[in-house]
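Take a look at the structures listed below.
In what follows, chain A forms one complex with chain B and a second complex with chain C.
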Partner chain A sequence: MNIESGLKDLLRRSEPPPGFANRVMKRIAESSRPRARAWRALAAAALIAVALGGWGVHVTLRARNELRLAMRIAAEKVAQAQQQVRAVSR
Partner chain B sequence: MSAIADRACCSDETLLRAQEGDGDAFAEIIEEHQAMVFSIACNFIGSRDAGEEIAQDVFLQLYRNLRGIQSSDHLRFWLRQVTSRKCIDALRRGTPVKVGLETVSLAVPPGVSDPFLARRLRRLIDSLPDMQRLVLTLRYQEDLGPADIGDLLGMPANTVKSILHRALVALRNQLGDL
Partner chain C sequence: MRRIFIVLLLVFPAAAWAQSGRIEIDLPASLAARAAESVDVSLDGAMLRLASKFLYEDADRDTRAIVRKLDGIYVHSYEFDKEGEYDRSILDKVRAQLGPSWKRIVTARSRERENVEIYIQSNERTISGLVVLAAEPRELTIVNIVGPVDLEKLVSLEGQFGIPRITKEGRHD
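Up next is the complex of A and B:
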């Protein structure tokens, strides 16, 4: 027997069971799902960080404005008191 | 343009579409190459179940590395090389190969000229060392020459010739004993 022709006959290509491509595509979809979930979690975390950061800036700005207002009021009161002291001393 | 060149051109176009994220194009690539990948794994491992598992892993890896593929010729080379490596790795890891009665009968493809002889030859091939089995598969399934097999497996062509010669001598001797 010609062993080489026997090998060619035996080892020739054969198709995998039907639905092979679908099974691969399903595995691809399953393997990319956790990555999509991770991206969504990352996006949510970024959104929360931005929101918290924004809230922090808002609170700081409001506190600064309130401090400025309080100092302005205090300065006016001091000026009024100085005027009254000057008026009494005359 | 010849039919072969036409086919290569279409494969390059399909590859490009798949690289741009077209899932249908990737499915076309699988369908075009599934027989090659599945048969290398199946002929090497000697089991259709384990062969399918390896073939699926190969295409999964291809999907993740699709951007690195430059042409349809490169794709064919890449698939043969990764399939060969995965086959060797599977055996080194000791991946259990399920060999049931059905699997054994299916390991001999339908339509062979002498099924009885084919079964004996199949058993003899399964008893050969891994590298001899892999080289035989690439030589007789894929019709590759020693230089091409050497490129795939990272060894000189003369080493491939020597492995092939040893495998054929072993098969001839054992067939003669039967």
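Up next is the complex of A and C:
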């Protein structure tokens, strides 16, 4: 066997075994599925984090406004009592 | 033995509650429904600390300084269209909770303005609790501040929230 005929033999066109293409496509689909699932989970986690963060800020801002109001009322009532006491003691 | 244990379990938290400067303000739900305007604020220590982080405006500086040390603020205030819309026994129930550790420091009664009572609970040199009862025929306010509160600083807040400061002469600035 010379080199030329050996190469021809090696590079000879041959048909793949039956079902080869399906098996390859199936393998590709299987390998990409976990990654897609991970991305979806990450996106959901980010969405939940943003929603929780927004809700947290909303709750805190409401608490701050309530705090301002509570301090205003407390200060007003104590000041009023103080003023009445001063008025009597004059 | 088990009975004693159960009694102790019930008594100790109640005693700790009483010493903490916190009072139980048990108001009927119908009160807010009858009121023309109502304010119900209940902020415990954790919420106060959280809320105070958002007090970043210059006008909030003094409030932040006072609130930093507090363990709770509870304010219930109602304004009614007509007189006699609330049961005065509500005030008696609050007063009944104020044991010997509480001292009434101010009683201001007025025909024209509301009657105000101020009670403090003090530990040695600091005030650990404050209760303000302000009542007039059309208005009821109950304030409970838990923790060390400086009355002078608290009064100094008046006028910082867009409400006029009351001067010594009774005028408004």
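Just so it is clear, the second predicted complex is superposed on the first by the 77 of 90 C-alpha atoms of A that agree within 3 Å, B and C clash if a C-alpha of one lies under 4 Å from a C-alpha of the other, contacts with A are read in each partner's own complex, and residues count from 1 in each chain.
Here, a residue touches a chain if its C-beta (ideal position, glycine included) is under 8 Å from a C-beta of that chain, and two chains touch if they have at least 3 such contacts.
Here the structure is a predicted model, which is why all the values come from computation and not from measurement.
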| item | value |
| --- | --- |
| Touching partner for A:Gln80 - first (chain B), second (chain C), both, neither | second |
| Contacts of A:Glu66 with chain B and chain C, given as first, second, both or neither | second |
| Which superposed partner A:Ala21 touches (first chain B, second chain C, both, neither) | first |
| Chain C - residues contacting chain A, complex | 39, 41, 43, 47-48, 50-55, 60, 63, 66-67, 73-75, 77, 106, 108, 110, 113-114, 116-118, 130, 132, 134, 141, 143, 145, 151, 154-158, 161, 163, 165-166, 168, 170 |
| Residues on chain A engaged by chain B in the complex (per definition of touch) | 1, 3-4, 6-17, 20-21, 23-25, 27-28, 31 |
| Contacting residues of chain B [partner chain A, same complex] | 23, 26-27, 30-31, 34-36, 38-39, 42-43, 48, 51-52, 55-56, 59-60, 63, 108-109, 112-114, 117-118, 121-122, 125, 136-137, 139-141, 168, 171-172, 175 |
| Of chain A, residues touching chain C in the complex | 60-61, 63-64, 66-88 |
